[in-house]
Each structure stands twice: as structure tokens, then as C-alpha cells.
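One structure is given below, represented as C-alpha cells, and several questions about it will come after.
The first chain written gets the first letter, and so on, giving A, B, C and D; residue counts start at 1 in each chain.
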Amino acid sequence: MGMTPVYAEDYTLMELMAATIAREFRDQETAFVGVGPPLIAAMVAKLTDAPNLTIAVEGGTIGCAARRLLTCIADTTICERAYSCGTMWRNFGDQQRGFYDVGVIGGAQIDKYGNINATALGDYRRPSVRVAGSGGANDIGSSARRYSVMMRQEKRRFVERVDYLTVPGYLDGGDARIKAGLPGGGPHGVITTMGVFRFDKDTKEMYLEKCHPGITPEKVKENVGWDLKIAPSVGTTEPPTQEQVEIMRILDPYGLYLGTGRQGMGHPEKGFDFYMEVLDKSYDAMTELFRRKGL
Amino acid sequence: MEKLSKPPVNKVTTLKEAVSRFVHDGSYVSFGGIGDRTPTAAIHEVARQQKKNLRLVSDTSVTYVHDSILIGLGLVDTYEIAYNWGGIWGPDAVYRRALEKSIPKPIKIEEYSNFSIGMRFLAGSLGVPFMPVKSLLGTDIPVHNPHVKIMNDPYGGEPVALVPASHPDIAFIHVQRCDAIGNTQILGHLGNDDSLARAAQHVVITTEEIVPTDEIRRNPNLTFIPYYCVDAVVKVPFGSHGRGCPYYYSMDVPYGLQLAETWATEAGFNRWAEEWIFAVDDWEGYCRKIGWERLSRLAEAERRYQQYGEMR
Amino acid sequence: MGMTPVYAEDYTLMELMAATIAREFRDQETAFVGVGPPLIAAMVAKLTDAPNLTIAVEGGTIGCAARRLLTCIADTTICERAYSCGTMWRNFGDQQRGFYDVGVIGGAQIDKYGNINATALGDYRRPSVRVAGSGGANDIGSSARRYSVMMRQEKRRFVERVDYLTVPGYLDGGDARIKAGLPGGGPHGVITTMGVFRFDKDTKEMYLEKCHPGITPEKVKENVGWDLKIAPSVGTTEPPTQEQVEIMRILDPYGLYLGTGRQGMGHPEKGFDFYMEVLDKSYDAMTELFRRKGL
Amino acid sequence: MEKLSKPPVNKVTTLKEAVSRFVHDGSYVSFGGIGDRTPTAAIHEVARQQKKNLRLVSDTSVTYVHDSILIGLGLVDTYEIAYNWGGIWGPDAVYRRALEKSIPKPIKIEEYSNFSIGMRFLAGSLGVPFMPVKSLLGTDIPVHNPHVKIMNDPYGGEPVALVPASHPDIAFIHVQRCDAIGNTQILGHLGNDDSLARAAQHVVITTEEIVPTDEIRRNPNLTFIPYYCVDAVVKVPFGSHGRGCPYYYSMDVPYGLQLAETWATEAGFNRWAEEWIFAVDDWEGYCRKIGWERLSRLAEAERRYQQYGEMR
């Protein structure tokens, strides 16, 4: 609040991405958030600049304030101290009605109008790589008032046109979304391993807004499958603050989401004890963190 | 109109009996829950009884505890699905092998989104043939799934997608508590189980606890499934193991992480199924094999952090 | 249960009607019941021959076992000891899905195919008598697997064709209901102040099945506005049993539904004290009754 | 897409302020509840502020405490309704006078059934333009109400009725408890309030009690209306007087029986409105006039027979 932010010196790329996603949320907003890094990012937002952010998830819970390691959008943890536990269809219905200001999703492929493929690479009926399918991503893309996307920056993932259109971005650009009858506002930003992208107000074509520290626009262009437009004065992504990184390391202390922590926890002999220990430590640390933040 | 209401009689039975009575080769089956409360014990029993040519419908299926077990065993012909993946446990090699390489056999996919599957169950629960949704519009989902129909809303004129009601022959739903006649209370997130129980022709409730009806009556607002939807009640403590059950036990994260390695190859998956499904008699055998100490530590972990009705 | 029923010597016409309606329910069925005498009748059924009858009501409650004076289908009483309290729309949805075996409704007018007018007598836009409207009656008539009707027998109420068709009976008879797309089975019986009516299996025309004690078929015909068909061997309505009457007088001790009790309770000075007293007495008597019945 | 979510801020205000802020001449208004939990205090305040040319929508309106008050005062132009009557209190002379004799003025009626009004709110809550129903078919309701459209189901070909989504400008809902930001818990039957709160553009909660948010969090499964639907919270004990509030107070049966006599004539109704609405400042004034002893006896009566979470 007027104070100069203290940036972290030491952070990982995933932490940079999560911090950038966290900045897509605003205080007092309602957010519909999917599993994994987006959920960590939403919690980071809530524990920093957006204390009154409300997180709703697909399982049916609204107002998450869990003080344990979050393992899923529908795990026992997410019920803890929630405002409401109800049905999946009501939460999606609330989104379709317009109650959710912002959503965050991922995908396997994205195209220049922000359409996402979360289903299959190659031929849909005989895919070279099959992925999970829409889940709630199509619904968030259809109905959230705006949404942001988290992606790996690779040429085969940034394509002229997605192999299978799972989640509506701006479809063919312009007012195609509105003509299709979609109620939500469409994609607002794309945060990748290399930069931040936005969409042209009129054409709805994706353009590069910012590069992550150390990345050039040329490098990004090499990893995009169409002739990418660049903002006139392309900026540099704001690094994570010290506080953001600190909080991420409390939320995900062993890098389950943001690092390689799954390996240790999956160990056949020691994994279970380690998990029990993580739960306890995480509970203590997060309880302290929430108390400190008055949440 | 066929009689659909089930009588208010004692419905307590075993999982073996419930599966053999309600699941047949070719049945249209749905397993409820949403992440948590996955009816894993029921899925293992269906696998154990080798019910074939199944048609499954799910919103989200969480790999290692859910539909992929039946897909990997070649028991599924058709799959109506929004999302099949492992979440924190990682990708689903069984599902990928089935769809990319038809291993162990090809399956027919009908793709939806989580919300539109929810709307199919809601339509089913209400006895109407379809529900309108604003999802799916403009995408490839209706292109490949002819059951999604786009029409112009006769009121405002704008496009709207219709999805058909789903009426599974049999739904399995795992819950925290119900009484012997089937009045079912769910704590925490409900997923689509309130609709699914009404949409299905038959319902088997697997439950952590069976409580007296007077206990149900104390909190009538928590009874999300009335007894008249329910055909059978089976007490199955830890019936969602792998995933959690709110207020009863936590997710077993290491369990799925280990399975991710095992299932990575077809041989690994088959070995796992042999050892954990076919070589045990029932879910109690599975629990013994997992170890009661481990299970009770998962229960302890959950109780330390939350109990329903308390704030910590 | 094989025993000869002991019939009451002393009963009112309303008690006869309620007892007859009570016999429309069967044990282990689910019933969707409206306010007033039908609710009393359902409770009588539950406390005699149909202990496992489940009563669902419009307010959203399922499995009523209240031990107090029932004042409405959505009063505080109806929640008492219920299996489930939920939404109105879910209960109606359950009915549309086919979960409710039997319903009971009333109306202002009925015609020879059992269609009911619960809306307006005379011209709909300028009615001579306006009544409440459908409420849930249309929905019960559309979707209950079968339903029965409670009516006063008057010529202006039993008409060739209702002035306004609020609740579908058999429409124009034959298979008209099925052609219209209605899922429920249609009316099963009509219980009036003079007799009991059923419907022809094929034509779906209403005919007189039984006359109440002391009433002749000719008397009924005088009070019907079309050329009423009579069953070949028209029977006499079974009188209420002693137990049925006894239970009705516990359920409705001052004749609020089945008599003129509303006058006393509406008294400007004494009404409130009287009401408080009725609640208490009713609770004690019904608690005892339920205990006796093991319910 | 307009922003619809209301912020999580303290929303506690007075009924006077809430009505003057959210109800305007010509507003489309709905008063929730179902028999019990009728927001009678709010209806009195709308009457007191003489908001005119209203369009009302209700499933069931219970006379003496509900829409008929506004109809009798000539404040209603259009009425979308399934049922308006007094139940045990008897017929509604105000409604009859309005519809039979246009006293005090003609009103336009749009007729539905309870379920189809419920489906209009459900459609509204889901942001879809309509819902299909199997009610209304074959009757005169669609003949006189052009908003009900009959179509052939594109899946099975059978007739189905469509009813349009309803989006009231403002809904008033009376409940047992909520927190200051509007997270609302309802005990006992819900009527259609879960849908109505989501379908409306603005929502005012009148509540018996305002509780801390931590108290809401203890029972998250009882929160049927999330804060983001809610614009204003008003503490109004006995806010449904006349009707009851489950677990808080019983219906006042003699109250309505007496009003049935008073309202039988136009002059009687006007006298009643003068004395009980216009001559008191607010609902507290009304409560004083009814008498706190009477109110507390109604509360006692309810508590004697049931408390939520207990079995007697």
C-alpha cells in the first residue's frame, strides 16, 4: 500500500509464474480456481494483496481458508473453515450466472485467439497424446467474467489453431465469442514459462506484453507457432516479492506443486511418514501464517 | 410410469452381493464422489467380479482409485467423461494407453465438461429429457459428440447448448453416514451426488458408518439423498482409501504417487490389479493389506485438523 | 391384518371423507400431500394401516412424523423428526422423476375426465369466483404415479368441462394424457361428500363406484353436471373405523380441518391462549400416540 | 457480463434503508420463504414506503403476511404466481376482490404452478434462459400465459413445456442466521430460496440472528446462500410473525384467523393497513403492538417441541 515492494533474490521459474498468476486476482473478487499451481497462486494472493479474495472450487466449496497442504480442489482440506460446502453443479451454475469474477486454468495447447486444447494432441480419434479432457476448464472459459491461463512456452503448444478446441478463448477473434452465445468475458492473460501475454481489444489476437527476466521477445517468438505480435514497449515481468516466495514455501513446503517434491513423498518406504510429517508441519506453519494475517 | 421409489426397509448388505445384484455385463454405471468420497471399494468389487462391456459416466474421475481401474482391465466399452486424470498424483498412463493405443482394447469416448455432466445428472434427477447450458458453445466438444445439440433459445434468440439427461442403471456413492433404510447424509463438498442418486435407476450407498434413523432426524438439513433413491446400504469403512473422506480421513498422497510408477507400464498395472484386487477377497482384505495402522493414521490426521461442527 | 375392523358409530361426514382418503394410501409408499384434510388423512393412514408411508410436502420436507397440530405443509411442525429438509424444487423434481407413488389434491371444479379447476370459475380474465391457483396441484396431477381428489359434491362443481383446466386429469379421455407428454398416471379416485368415483380403464371417464352411507346413486346423479355412469354393482363406502376416528380427533382435536374449530381459535381475546393450549395438548397426545404405534 | 458478485464486506443495515435503496416504483420483486420464513417485515416496509407499480413473482404466497398486503394497497401491476391463499387461515378476500372486481385496481396475472415457478428460479440461478418441465402440459395455463412454450424434446420427441428464467430486481429472504457479510444458513425446509437468491439481481437477507463468520464455518453444509449473492443484511427478530420460523418460533394461527375477518371487507383491510403498517414506524413498532409476551410465547412453544440438532 504505497510501500516499495521488496523483491525476492532467490526464486524459481515456477515461483515467478505463480507470483504472476497471483497478481491476476484482485481484492474482494470471487475466483474459480482449478487444482495445482493456480490454487497455490490464489492462496498467495489471498495472503498478500487480496485478503478478501474468495476462492471457489469445483467440488462444491466456497470460501477456502484451509490451513493445511492443499492436495486437490476436492480434498478434505478444502472444506476446512469454508463459508459453504455444497454441490459441484451449484458452483458451476453460480459461475454461469456471473458470480465469479476470475478463473485460472491450464492446458496442453493454446492458439492465437487464446483457445485451449486440454483434450488431445493430433487426431482426436487417434491422438498422439491424450490428456485429461475439459474437466471444469471449458466451463470456466465459457462463463468466468475473465480468466487467465498458465502454460509452458513451447512451439508445439503455442499453435496457429489448436488440434482440438476444448476451452473457448476468442474463437476466431473479434466478436466471435459473443456470437457463439458465450456469457463470460474470455481470456485476460496468459502466463507462461517465458512471459505474459494479453489480447488485442478489437481483434482479440494474443500479443506479448512482458518477458520474464532474462528472456527476450525474440526468444519468445521462437517458441510460438505463429507470427506473434509484440507490445510496442514490451516490459519485464515483475519478480516475486520476498513475501510471496516465503508464503509459497509455507503453502507448498516440499515443492509438490512448484518443485519436485512428489518424488520424496512417493517413496515406497519413507513416503508415508514423510507425508504425515508434512501435514503436521504445514498445519502449524499455516495456522501461524493465517493468524499473522488476521484471516 | 414405472415405480421408482425404493421401500423404507432394512437395506444393509455386502458389497459382493450389491455388485452381483445390480451390475451386469453391459450395465450403464456411475461412481459418485468428487475426488474425495470416491467409491473405490465398490470399483474394486466390480473389477473383482469382472463385469464386462460397461458404459461409464463420470464428471471427474481421479486416476488410481476410479474408472481407470476398470478401463485398464478392459471392462469398459463406452465412457462418458469430462476429466480423467490424477491431479497431484500426475498423469494417467492407463487412460493414455487406452485412448492412444487401444490397450487393452479400444473404448468409445463421449466428451463433456464437468458442469455439463452435472447438468445431465440434474436433468436426470428432475425427470426432464435435457438441460440447457452455456458451456460447450463454440468448441469442438459438440463437433465430436452428437448428443450435444445447439439450438437458439426461443426466448432471447441466442445460441444455447442442450445436453441429454443421464440415467445410469446403477450408481455407487460413498458417504460418511446413512441409516439402514438409506437416508444418506454427506458432509463437506457434495460433487453431483445429490443429482446422481436421483438420476440413476438404482443406487448403492457405501458408507463409513450406519447410524440410527433418530440420528439422521437430528440434522434433517444434511440428508442430501432420501432413502427412496437407495436400493442397498453397505458399511465400508475407509471405502475411499487413496482419496479422503471429509471429517473421517485424509487423502493418502503417497499411495497414488507410488501407483503412478506402477501403472506406468501395462505389465505394472496388471501386476498391481492381480495383487490388490484379485488376490484379496474383499475390501477388508485390501484394508488389511494396506495396513490398519496406516489407515488409522490417515483418520487421526483428519481429526486433528477438523471435525464437523467444530472450529479450530 | 385379518381382523374384522371395528367401525365407528359416531362420525362426521368430513371424518368419513378423511378415512376414505386415508385408504387411498398403501404401506411403504411415498406420498406427496397438500395442506388440510389430505394431510390429516395421510397421517391417519400412517398411524393405522400404512406405518411405513412416507409423507413428502411442498416446503421441501420428506418423511414427516410430527407430533404436533399440523397447520401447514410448510410450518415449523412439519420439520419435526423428518428424514430430510430440503428444497421445494427438489421434492417436485423427485415427483417428476417418478419417486412419488401417490398424491392427494382438492379443487373447485372437476369434469368427467377428472380434470380439475383450481383457478377461476367463469371467465378466467374476469372470474365470478377466483380461487388460489395451481400451487402444487398441477404438478401432482402431472407427475404423481397416481393421485386422488377430495371434492364437495355439487352440480356446479361437477361439470362436463371445467371452466379453466388447472390440473390435468385424463384431458379428453382415452390416451390424451400420454399424447400430451404427461409422465404421471392420472387420477385414481375422487372422494366427495357423497361417494367415491373411479375412472374407466379405457375411456377414462369418471364413474360412481360407491355411495356414502345413506346416499343413493340418484342423489349423486342430481349433483353431477353430466350424465354420470354408475358401476354395475355400486357399493357403499366403508365407514371409518373406531381407531381412524380416534386418531383424527387426536390429530385435529378441535376440528380445525375437519370441523369448525377455526372459530374458537380466531377469537380476538381468547384465541391465542386457546391455541397455546391446543399445541401443548396436541404434543402430549400425539407423542403418546406415536409411542403406542412404535413410530 | 455485468459484475454480479457482491463484496465480502459488512452489509448490516436497517430495513428502511434496504427497502429505499433496492425497491423502486416499477421494480420486479420477490419475497422468499415457503409459508414459514415469509419475509413479512420486509413486505410491511415496502408497503410503508408505498413503492408502486410493482411486478411480483412468488411460488406460493400465504395471505395475511405476504403479497396480498401489497395487492390490497394497490401497489402491484403484474403478478407472476402459482398460489395465493391462506391455508388454514382460509380464503384471501383481498386477492378475490382484486381479480374478481379490480379492487383497488386491476392487476395482470401470469399463472404458473409451484414447481414451474421453482424451475424459473432454478433457470435464473443457473444463468440459462429457460428450463424444461413436464408440468403445465395439456392444461389451460399455457393457453393464458404466452411465456410458457410447448416444444418437442429434440432427444425423445415428446412434448415438453419450457418456462423462462426469472431474474427479480430484488429478492427479500428471511432466515434464521447469517453473518455480517451475508453468508446465510437456513434450517428446515428451504422452499426455493437457494435458487431465488442466485436468480435475483439483488438480495436483502432479513435474519433472526447475526452470527460470527466462525459460527457459519462450523457448519458449512448449512450455508445455502453464499455472501456473494447478498447486498444487505438486516437483523429482524420475529420477521416472519404470523407465520413461523423453524426452530425459532411457531406460526401464530389466531393472528391470521382474526385477519380473515378484518380483511373480509375493503374498509376492514384499509383500516388494518392504516393501523398496523402506516401508524407504526417500523417492525419493532409492529412487534410492540403485537406484544412481546405473545411473541416470546410463540418462541417458547417452538423450543419446547424442537431445537435444531436435538431429538426429543
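Quick note on the criterion: a contact is a pair of C-beta atoms (placed from the backbone, for glycine too) under 8 Å apart; a residue touches a chain by one contact, two chains touch by 3 or more.
In this text the structure is predicted, and so the values were computed from the model without any measurement.
Interface comparison, A-D versus A-B: the higher count of C-beta contacts falls to A-B.
Averaged Cα coordinates give chain A a centre that lies 40 Å from the centre of chain D. For the pair chain C and chain D, the distance between C-alpha centroids works out to 27 Å. One inter-chain figure worth recording: chain B and chain D are separated by 37 Å, centre to centre, where each centre is the mean of the chain's CA atoms. Residues of chain A in contact with two or more other chains: 61, 79, 81, 85-86, 93, 96, 143, 183.
Among all residues of chain D, those that touch two or more other chains are 127-128, 133-134, 158, 160, 187-188, 194, 217, 220-221, 311.
Those chain pairs judged to touch are A-B, A-D, B-C, B-D, C-D. The residues of chain C lying in touch with chain D in their complex are 35-36, 57-61, 67-68, 71-81, 85-89, 92-93, 95-96, 115, 119-120, 124-139, 142-143, 164-168, 171, 176-177, 180-183, 256-257, 262, 265-268, 271-272, 274-276, 279-280, 283. Interface residues of chain D facing chain B in the complex, by the touch rule stated above, are 127-134, 149, 151, 153-156, 158, 160, 162, 164-165, 186-188, 214-215, 217-222, 308-311.
Those residues of chain B whose C-beta lies close enough to touch chain C in the complex are 1-5, 7-9, 124-128, 183, 194, 198-199, 213, 216-217, 220-221, 223-224, 226-229. Of all the residues in chain B, the ones that touch chain A in their complex are 34-36, 59-60, 62, 81-85, 87-88, 90-92, 95-96, 99-100, 111-116, 118-119, 121-122, 133-141, 144, 158-160, 187-195, 243-254, 257-258, 260-261, 294, 297, 301-302, 304-306, 311. Those residues of chain C lying in contact with chain B across their complex are 28-30, 52, 54, 61-63, 65, 79, 81-86, 90, 93-94, 96-101, 143, 145, 183-185.
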